[in-house]
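Right, one structure below, let's go through it.
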Amino acid sequence: GSDTTKEESTSGTTGDTSAKLSGEVIIDGSSTVYPIMEAVSEEYGAVQPDVRVSVGFSGTGGGFKKFIAGETDLSNASRPVKDEEKAELDKNGIEYTELPLAFDGITVVVNPDNDFVDHLTVEELKALWVDNGKAKMWSDIRPEWPKEEIKFYSPGTDSGTYDYFNEVILEDAPIVSNATLSEDDNILVQGVSGDKNAIGFFGYAYYAENQDKLKDVSIDNGNGPVEPTHETIGNGDYAPLSRTVFTYVSNKAVAEKEQVADYTKFAIENAGKMAEEVGYISLPEEDYKKDLEKLAELTK
Amino acid sequence: MQKLVDKEIIAKQMSSRIIRNQMFKGLFFLSTLFGLLVLGVLFYRIITQGIGYIDLDFFQNFASRRPENAGIKAAFIGTIWLMVVVAPVSLILGVGTAIYLEEYAKKNKFTSFIKLNISNLAGVPSIVFGLLGLTIFVRALALERSVLAAGLTMSLLVLPVIIVASQEAIRSVPKELREASFAMGATKWQTVLKVVLPAAIPGILTGGILALSRAIGETAPLIVIGIPMFVAFLPKTIMDTFTVLPMQIYNWTSRPQTEFQDVAAAGILVMLVLLILMNSIAVFIRNHFQKRY
Amino acid sequence: MNVTLLRSQSEQDEKTQMTHMEKEFVYKTTDLNLWYGSTHALKNVNLDLYENEVTAIIGPSGCGKSTYIKTLNRMIEMVPGVKTSGEIQYRGRNILDKSYGVEDLRTQVGMVFQKPNPFPKSIYENIAYGPKIHGIKNKKVLDEIVEKSLRGAAIWDEVKDRLKENAYGLSGGQQQRLCIARCLAIEPDVILMDEPTSALDPISTLKVEELIQELKKDFSIIIVTHNMQQAARISDRTAFFLSGEVVEYRDTTTIFSNPTDKRTEDYISGRFG
Amino acid sequence: MNVTLLRSQSEQDEKTQMTHMEKEFVYKTTDLNLWYGSTHALKNVNLDLYENEVTAIIGPSGCGKSTYIKTLNRMIEMVPGVKTSGEIQYRGRNILDKSYGVEDLRTQVGMVFQKPNPFPKSIYENIAYGPKIHGIKNKKVLDEIVEKSLRGAAIWDEVKDRLKENAYGLSGGQQQRLCIARCLAIEPDVILMDEPTSALDPISTLKVEELIQELKKDFSIIIVTHNMQQAARISDRTAFFLSGEVVEYRDTTTIFSNPTDKRTEDYISGRFG
Amino acid sequence: MPRGNQKEYSVQQMITEKRLKKKNHFNFEKLIPGLLLLTAVLSVLTTIGIVFTLIFETFIFFDRVSIIEFFTNKKWYPFSATDASFGIMPLVVGTLKVTGIAAVVAVPIGLATAIYLSEYASEKARRIIKPILEVLAGIPTIVYGFFALTFVTPILKQLIPSLETFNALSPGIVVGIMITPMVASLSEDAMSSVPRSIREGAFALGATKLETTIKVILPAAVSGITASVVLALSRAIGETMIVSVAGGSTPNASFDVTSSIQTMTAYIVQVSTGDAGYQTTIYYSIYAVGMTLFLFTLFMNLFAQFITRKFKEEY
């Protein structure tokens, strides 16, 4: 390993790190957001070595569950908080602030040996993924495609990624019942890359890192096929599957715990850079500014 | 005496019987080799994949988004912390139970119920222990995701292993030694403490080490309990949050960057070396301290 | 036939008692019966054992020798399902009485077993074990006790330079004398021995036999043996057991030269067993 | 002293050989030495064993009796680190030669052990085991063999109604006779017995002794015993072992009435052992 | 006491003094059996804890999903918001497939290894090989999981082209490998504890090692061997990470081993790592599945106990 990276990244920190802080920052939630938060925490450790940051992996909803119970300071989410969760939070008197961190493009992939699929429309996606009680053939989608059974690979139905896909594609219709669901996206990569008739979707980073084993599918949202790339996700052209990932911070924690406030500030300032490093797309600068303003409100 | 057994036929068949014996011996040997072979393949793959990441930094760094900076400090130290809780708790409870069953318990329904119960516990899936730990330690006793909560869960999980090994060890202390002690006017507890336990220690330790290596290799219960993945600090007390090797490995294997697969292999390598080390200690104890009576 | 036997035996007892007037009893056994579950292993045993003598108990395998000797220090209690009736007085008190503390009894009555059974500890620790559990902690006193006991068991010279070594490094014969020394360390009143030489080679056997002769000056010794010649060589008095009964009990010279009971004669002359 | 002994012994051998001219040797042992690692357990053993006789091997514990008898069917090979030199001819062929198949040898030479060791199977299966592994499958033949062997071991009447029951339900003496029957089932030439009665009660011992007398009509029997009376009762010829050497080997009446060697006399008269 | 020798102290006297002193003290030893009993009872409490943990949530689950559906419905599809079905059958079938394959691998190989070690190998070879095999049993299962997915599955695919990436075969084989040392080690113990004298009895009749082993040792050790197999299989049933990684997550009730499956344990992990909302039916379903799993292994173990008792070796 090398240490040079650490020094260069600490330059991104702000002035009030002069105070030596301690205490805990407890973070849990989305596994999608996890790599960003891990990176942020790693950097933060170099600035405030005495602050004890732990980041969990329980999934968006799992994270909210702990957030509702008041067990965590920040809760990562790969989708906005749901109404039911809001209700629970209100009931427990937990006030929170939503802080967007980065863009992610849910990438639809097929096996590289698949030479017929190059783009799909949103309707076709829906036709593919919604359960109709039967085994599906490629020819069911477009007649010229081969009459072979499709194998589906999807993130676990409880993940934020699935939720988002559900929201924009499935629209609450049940997913094909023979889909292989896994919380571990690498397992999905293995699945799609090993099966000629496979189709799957997951976070952009997993596609970006495994381009040799996978073939991405352009999505046509009515304006012609758009391939998921850094630009198309960042500027919103890749629709509807590009999404924002968030962290939710407890207002009370920010107000009462100096280290949480400091950490959150640090996170916002570094999120863009870190997101890029781990394979996501940073938000426009002004979005982070807005985050910082929201935070400033809380610490007043 | 009239002969019913024809020696000539027996002699004729003898060579084919001996050949059959040799053939099966080969077959049995190959089966034994199979296990060793799998172990070899596993090691080869892991070593070739992971050795490149093993250096001093790997042990000194916390987890990182950059594969080349990623280290196992938190997980490694966390695993040690876990052992610090599991070893005394499970040993005290396990050996206590074994002493009770072997030396004190009367042969009655209740005793055989306890015994039955222990052997049943030995077969309960680890994930069910995870559910137990989550409900009892993490939630009901509000220990959260601490070293203590995870340690207690793991202690219960490996308890049957230690009990059975200790029972075995205590039982193999010859009756004569107990008799010698009692004949000197020693009380039961004196006999247990001064004669039986010292003689049974090798067996107990062997069982304890094997149980411990099971405890540090288990992932499923910790996932269910929900201990965090990224921890950039070392626990200071048993009430602190922590992470352990298998969790860290699990996390690395699920990263998008292929380099992390190699980092995971490096982590696995460390884990395996640790396990082999512990097993070797167990074997050493077994071979060198086992008293021959 | 049993009745006659018992009568003749008790007459005999009176006689021997007279010739030994000066000696005290250590044990008086009265109508002892013992059952292992439903196996009647000791049947109406009446036997009085004398102080500072070697009493040998002989008889064929399974006749109850071990059972009887184990009752004398209540080791028999370790076998589940054992029932007794009758009385065994040790120095005037009935030891089968529940109120008699076994630990107390065994502090007075030492035992040496068939197979040498040293603890897997050092030679020193083996000897010091007894005094230690009884609360003697003073290092100097312990050192003294160890030396005295090892000398008493005629093994001091052989082990004095290796007291810290494990007892399992000793030969079988040495181990057995170590066990005797261990027993001497708490200065018991009586020493029970259950075939103490049956696992030893002839030379070790000889040494242990000599030792027993030596020990009877200070202790009362009760020894079970399979080997009639041994009984003849070392004991003052011999009891012959058969199927859980005492067939004959007499001073050793008489019983070997002139047995009263036909069965004793048969056994001694090797017609069975 | 050793030299004289050996000479006198071999002279004696010649004499006995003459009186038994009509009998053949089953075993001729020449200069047999055996080591367990560095323990020299058999030293220059020369011993010729006769057909259709009972040869007893006696001697104190550890003198090498078991070691010798186990070499006769090469059971000794199961002990790791055993080395031998010299020769044992069985019916004219050296069995210590590696080319001699042990399985072949053991088909000819049966063995009965100190502790009864029936297989944890039914009585029937215990007896049928030997014939079965040697390829006899025919149910009728097997039935016949089982009956004949059990009759031969004088236990048929006791077990004929419970052939399907587990052998462990039998008493110790019955188990031992069952083991003898198991051995008879493959119609061996020689039967080796290592203290076959030492774990038995007197009555069972008597039965087994009678049986041995019966068996010598058909088999050559070599028996190790601790019990001199037993050797005197049942054997035709006796070899006395001491520390791995053959001290004296003679016909039984002579050795017991008129031993040549001082050590034999000492042992027989119970002065040691 | 009438003892002739002169001495400056009497051990018996010292002992008596100490004893008197002790009598006045509180007797700590009286507490020992009680304390030890307490530790022994803890194992019972653990079981009770498990049962209670599972049972309450399971009851709530059965409040929402009928127990009849749970056991008879052939479809396990809990994630549908509109049309969820909770029939445990596919999960049970998945578990059984993996366990069955594991048994096919582990029982012959494990037994053969046990036979080699206990009957053929030299003492030294046994002392070396046994602990090495035990390492195999101690390897974290997550490691096995990726071994199955990235090594065994590709090899199997070469042999069986129709094999899916996630299937029952590969994790089954690897679970089998994992439990092989358990079968080998415990069976070896059982076989080694058959007394030498019984072996000698067979050899003395001219039996070869093979004949002795097959006809005498194996039958004599049968209860220990059965118990080891049952124990190993209950370990296979409870195995989690290997099947989670390499088995896929599509519950299906067919007995085809080449297609993706889901086992009971894998389902629990899937939900645990996901975010089943507290108090949703899915959340409670893991307890119902856990309960089923618990009962499964319980019955297996009771069966093993029964076997051991029934065929208790007597020698």
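Couple of notes before you dig in:
Note that the chains take the letters A, B, C, D and E in the order they are written out, and that residue 1 is the start of every chain.
Throughout what follows, a residue touches a chain if its C-beta (ideal position, glycine included) is under 8 Å from a C-beta of that chain, and two chains touch if they have at least 3 such contacts.
Note that the coordinates shown come from a computational prediction; the quantities given were computed from them, not determined experimentally.
Note on connectivity: the fewest steps through touching chains from subunit B to subunit E is 1. Distance from the subunit A centre to the subunit C centre is 84 Å, each centre being the mean of its Cα atoms. Mean C-alpha positions place subunit B and subunit D at a centre distance of 49 Å.
Centre-to-centre spacing of subunit A and subunit E amounts to 38 Å, using the average Cα coordinate of each chain. Among the residues of subunit E, those touching two or more other chains are numbered 208, 211, 273. The residues of subunit B that reach two or more other chains are 17-18, 187, 226, 253, listed in rising order.
Residues of subunit C in contact with at least two other chains: 104, 107, 134, 186. Which chains touch which is summed up as A-B, A-E, B-C, B-D, B-E, C-D, C-E, D-E. By the touch criterion stated above, subunit C contacts subunit D in their complex at residues 60-62, 199-202, 205-206, 227-229, 232, 270-273. Taken in their complex, subunit C has these residues touching subunit E: 24, 51-52, 104, 107-108, 131, 134-136, 141, 145, 185-187, 189, 217-218. On the side of subunit E, the complex with subunit D involves touching residues 122-123, 195-198, 200-208, 211, 215-216, 219-220, 313-315. Residues of subunit B touching subunit A in their complex: 55, 57-58, 61-66, 68-71, 144-145, 226-233, 240-241, 243, 251, 253-258, 261. Residues 73, 75, 78, 80, 102-107, 110-111, 113, 115, 117-121, 129-130, 132-134, 168, 179, 182-183, 186 of subunit C are the ones that touch subunit B when the two sit in their complex.
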